[in-house]
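Both complexes shown next keep chain A, but they swap its partner, so chain B is in the first and chain C is in the second.
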Partner chain A sequence: MKSRILAVVAALAVTSILGFADNPRIIRIGYAGVGSGNRPIGGGSYANIQADWAAIDNEFKADGIQVKHTYFSGAGPAVNEALANNQLDFAWQGDLPALVAKAGGLPTKLILANSRYDAIYVGVPTSSTAKSLEDLKGKRVAVFKGTNLQLAFYNLIAARGWKDTDFKIINMSTADGNAAILSGDIDAQVTGPDIFPLVDRGVARIISDTKGRPKESRLSHLLVVEGFAAKYPQIVQRVVNVSLKAAAWNSDENNRGKAYQIWTKSGFGLSAWKGDHDWIKLIYRESPLFDEFYRTQYKHLLKTAIDLKLVRRSFDVDAWLDDRYLNQGLKDLKLENYWPQQNAEGKPVR
Partner chain B sequence: MSESTFVGTVEDGEEVAIASPERRERTRVKVTRPEANQARHSFRIPVALRSRLSIIGSKALIVLAGASFPALVLWLWHLSAKRAWVSPLVLPPPSLVLQSFRETWADGTIRTNLTVSGIRVAKGFSAGAGIGLMLGVFLGLSKFFRTYVQPTFQGLAQVNLLAWVPLLILVFGIDEPLKIAAITWATLLPITIITAQGIAGIPTKWFELAHIYELTRLQVLWHVAIPAALPTLFTAIRSGLGAAWASLVVVELIASSEGIGFMVVWGRQLFQLDLVLVAIVLIGAVGLTLDLVLKGIELRLRRWQPAAK
Partner chain C sequence: MHTHTRSLMAAAILITAPYASAQEAPSDKPPKTGEPDSSKSGGGKDVTPAAEKGKDETPAAGTDAELQKLKQEVKELQERLDKSATDSDIQGVQTDLENFKYQYQRDRDTKSALSNRNLLITGLIQSRYGYFGETINSPVPGNVANTSVNNPPVLHERKSTFDTPNGVVSFSGLLFRDYEKARNLGFNFSVAESPASSNFGAPAATTGAGVSNNNAFLTVLDANVVYQALPTIENDGDRLSFTLGQQLAPFGLEANTTEELKPVINNALFVAPTTFNLRQVGLVAKGEFLSQYDFGYGYRQSIFAFALGVLNGNGPNRDDDNGYKDVISRVAITVPADYKSWLRELRIGGSVYQGKGNIVDANNKYLGYGQKNRYGYDFYYNHYPFGFTYEYVRIADEVLGGTAAAPVVARFDRLGQTATFFYSFGEQFLKSIKSQGKFDDWWPKTYQPFVRYDSYVADRAKSDQKIKILTAGLNIFFAETTKAQINYNRRVQDNGLLPKVTSNELLVQLQFGF
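Let's look at the complex of A and B:
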């Protein structure tokens, strides 16, 4: 009897040393967005590159850990609901929903920057007489509220000294807004690169965008649920490392064409990605760093969201951006000096 | 009519409300009392008073019974929040909901949204009730139309408003007309169907009598059909208003930027479930109030009917 107990204890000790007992059965990853026609695939950042490679799935195949990817047409707000119901461990998400959830008490940590300089576009039907944002005052403008589009749009108009009440803002998902532009039910839509296919088809015209103005643009990130990270730190590290490989590949100008091709699997054609990315160096756009710009911009966005009463209370952004995995990953992959640091204004320091 | 009790003091030739415990409604009868009964008059007051008190008492009991269930739910909710049975992110504690109610009330959010929704319902409901009553009377009076059109209406009523929305958007766009049209449609269906049934249910003998008296069609409508169908008409209006209020939330979930239904969407998008709960409680409270008010009006209007049906 005693020997049997000893054997069990020994077996337990061995498995825990080897790490078997510390592995989850499944890793659940959420994506705040879908492709054209609700297809479960996206485009526009290295998050979609690693998904296309099935990088995380391959990383954990040998361990027998299943990886489940879920794409939410309800975007960031829907990701929050899934996080609150404990249905996700990781999420690729945009700025406003993550701020809202964190302030609401959702125990999350941001572990990688995903994209920045992420422009928003204000599109109008081709038939519209509007030539500038000014012409849209008092008109019906569709915005997917609760997503990072809303916050960026607010910053865009605030920079001109206007308020959101100067427009008749209608809450619509990206896809619904595209359709409403087509049917002429709205006067304008605030959206992302999905506007370019409409421009190609001759149904929409872009009258304003935030290209080159990082402070009026969007941020996104990879986040992890605190409980998961506390339980499986080594799993989190491996997810970060394979994601960093995708980020490095995506930041290489030699791969620009290939990255665009991968992103077209989302159903948004080449023109969307050329229009949205051609103007900026990928090494700035796809940087995973929590540098001065990323931190300052997140603090700025939190303050804006609080002023707009979208977020109830403030919290410590620096503590929320957990760069331990990022720094370890950069070291592991010898990428410490790969991405340039960007200053508070979004300009590369070197 | 057993155990009927007089309510209030009685004068000769005065109308008196009789409350019958079985019917839970009041009817008025004319009372004539011989002079000889005058002596008992003084003796009767305490009885009347006592019965009035007992009515107040039983009403209070009914209200208490009705309130006990929400109180139980509230207590369970409080307990669940306190013991953290459900994540506060999913079900915020009652205290937080109360706090957001106070905040949204103070900053005018609730009033603005209620006003917007109220105007939408008023427009949609009045259009729907007008058309519905006319259609219903028409269907009820004409056997021909009842045979050919009624089944279609019954069928349409089975289709949820949500299913109509894509079609309505194509016709009305996404602005106010869509919301008004959807509410009108939701109101119109129950009112038409119930009105038609009410009118059709009037005994044919009454119409035959009207025929003998050579009443015109309009006179038949005014003096026979409408008074006879009045209780049903009220049921129709009440369910119509209920449907209008319920459909409001559905239409405000779509392409909206204000209104009490939008508060639900907004709370969800912002991950503030307390705001969602505030909106839900408001929707329920306003709907209940509307129904109670209509019920009150109905009772008042139906009093003239001698022992209705």
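Let's look at the complex of A and C:
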């Protein structure tokens, strides 16, 4: 009897140590941003569509796997902190923070493109006399440093031959910057679509944006922690497939209005999404592909970040962009030819 | 086409265009696998994303069906206009607005706390239960574990007690706000409940006339102004501040850690003899240089930090009592490391305090100056989820000794050492998790077990002057400003003046703030 008990205990111990479990108990997904009023809802891409559908939750419900979604008001840097402390398995995040983290040794792989041509806007108080970026030289410009807004803004001014030192750059979160532009504590703010509600209220106006300038715009992605992917590749594939369905739905022009309505649950109104998306076909904007444009742009952003000393060392971007799950997912869902490939300049090649 | 019809069409196009894409009801369900039609792909079209900016699509018109459709839309729009606000509606809104303005002004006048300047009010209260291994009688023994602050004059066979050892209300804010560089002038003011016969934070007297009654009153803790001499508008800059007034002396780790962050209920044994648990009055400069801010993680580190100050040296709420000012200095070096590095938040520090105190006899007759020097070094490593701290302190005191008939200056060389190890299960100490978007009053529940070794030698010249307390405990963080603490203390007394005993106590405390 004693030997049998010992055998059972030993078997349990070995099972526990070797981690024979096929599935994780929980899947932890982070989002680099929050909605208006710090609500845990986002908008602007198919990542928020799948979250609204609870698509990943439903995918794993039958397996008894819990899915935990965490929205970070500290945006990309907060996602990095959570990743570094083993609090997340997946993250929807923007370009700069992911570059910083990867260069610093965070073991991540990008597995889906989330959005591209993501414009930034430079807003000023309505009372401001500034009419162009040039008018802001020497003035206080709020940028949420560490996020992809920072890198896009540097690209925006670099394209005009200027340096960040030509402006008084102040680090502020988006929410703080919105408040500061109302109180007049800053002369301008670099933002995403959250500037549109201020414009609607007549308290701010946009003097510059990067719409239609792919190389001065932002990228975002879905990443996975390498350890999780190595242990649960089948789970990663299912997350990718579910996300691809949302991407395909969101890329369909027939669903544009419905997507906007879903995104307004974030607290940012219809005008924000129309202003930020009406100018471009969704099939380009919501493409999950790691095509030539996406890869080239990420390499360009890495080089820019290194030049600006935002990132300390280079790394192999092509190896970082792991397209195995993407390709398998496109094949599984018969979506191989759904999204157009785009060349390095951001133009469709087929 | 009839002129009126063309006008209607144009009006309809203009009015309906902005609504066209947003009027559809969203589907509540995701599409099934393969639902997207690949024929809808934009691939192959010679339209670049850049070229699409500002492009308007004009609907084709001209057929009767379209004309009928437009007429219908115009009719619907007319119906909408018919439903527009009437004068009565507008008057109603105006009335509501006036009511709101009246109510707002009245609430502000009668129900709002007002302040001349920017003000933050916070507070902290501790509510505790203690169970003692020894039965406590008067006079309260000093050699057994018996953590209690508000002892009544007479104790008889006490085994346990409820206690409210700490209650602090703090006010802070900015007297001058520099919008350009954030070279701000701020202030701090706090008061605490205090047993009537002892200074706040000091061990309460347990025998004789010093035993406290229940007439606790408020004592001023912090009362200071702080000027930031360097810009603080950015996270990555150096810092230099000057603090004038009543404040904690910047010595070591234990005495400077606020109650919110202390893992252990009781201070280390050496803190009371150094008097660093008490506020001091003076001027202190603090600086952080060679600072780095990792924007990728929102992580700030200063490789070199210092503090340098002059203080009265005789405690809070008192003027100086002699011709000397006490001097305090501290230097801390943080190992430069990336956030991801295992070296993150590894720091060593050293502190020196040199002062003089008046030596007086029982009749308050001045006998001379006595040395009041303290030296220490510390090690700090807080790398989530675990942390380790160690602190070594030497105390050189010259105080009144001998007898009342033949008083002498006695010199004591005291030594304190404390080491704490803690581990966190939960995300209480992760800034990112705490600041996540949430609908309700969610807070990351965290369990933090810890162990501490604490020893104090009251006189190194003697071999039997040691007290040792081993503590094992658990902190449970379950709300934003509230934590439950459980501490088991095992006190080993090896003091030649008192019976050598080993005793135990269990403390359970709820610490909550606002």
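Miscellaneous remarks
By definition in this document, the second predicted complex is superposed on the first by the 330 of 350 C-alpha atoms of A that agree within 3 Å, B and C clash if a C-alpha of one lies under 4 Å from a C-alpha of the other, contacts with A are read in each partner's own complex, and residues count from 1 in each chain.
Methods note: contacts are C-beta pairs under 8 Å (C-beta built on N, C-alpha and C of every residue); 3 or more make two chains touch, one makes a residue touch a chain.
Note that the coordinates shown come from a computational prediction; the quantities given were computed from them, not determined experimentally.
In the superposition on chain A, A:158 contacts neither chain B nor chain C. After overlaying the two complexes on the shared chain, residue contacts for A:308 are found with neither chain B nor chain C. Here chain B and chain C are compared by how many residues of chain A each touches, and C touches more.
In the superposition on chain A, contact of A:344 is made with neither chain B nor chain C. Once the two complexes are laid over each other on the shared chain, residue contacts for A:84 go to chain B and to chain C alike. Of the two partner chains, chain B and chain C are each touched by A:145. Legend: residue contacts after superposition of the two complexes on their common chain; A:185 is shown touching both chain B and chain C. Once the two complexes are overlaid on the shared chain, A:176 sits against chain B while remaining clear of chain C.
Of the two partner chains, chain B and chain C are each touched by A:101.
Once the two complexes are overlaid on the shared chain, A:199 sits clear of chain B and of chain C alike. In the three-chain superposition model, chain A touches both chain B and chain C at residues 77, 80-81, 84-85, 97, 100-101, 104-106, 140, 145-146, 170-171, 185, 310, 312. Interface of chain C with chain A (complex): residues 18, 20-27, 29-31, 33-38, 40-55, 179-180, 233-235, 294-299, 338-340, 384-385, 427, 430-433, 435-439. Every residue of chain A that touches chain B in the complex is listed here, in rising order: 77, 80-81, 84-85, 97, 100-101, 104-106, 140, 142, 145-146, 168-172, 176, 180, 183, 185-186, 310, 312. Chain B meets chain A in the complex at residues 87-90, 169-170, 173-175, 255-257, 262, 265-266, 268-272. By the touch rule above, chain A contacts chain C in their complex via residues 34-35, 38-41, 50, 53, 55, 70-74, 76-82, 84-85, 87, 96-97, 100-101, 104-106, 117, 140, 145-146, 150, 170-171, 185, 211-214, 245-246, 248-249, 251-262, 270, 274, 278-281, 283-285, 310-312, 332-335, 337-341, 346-348, 350.
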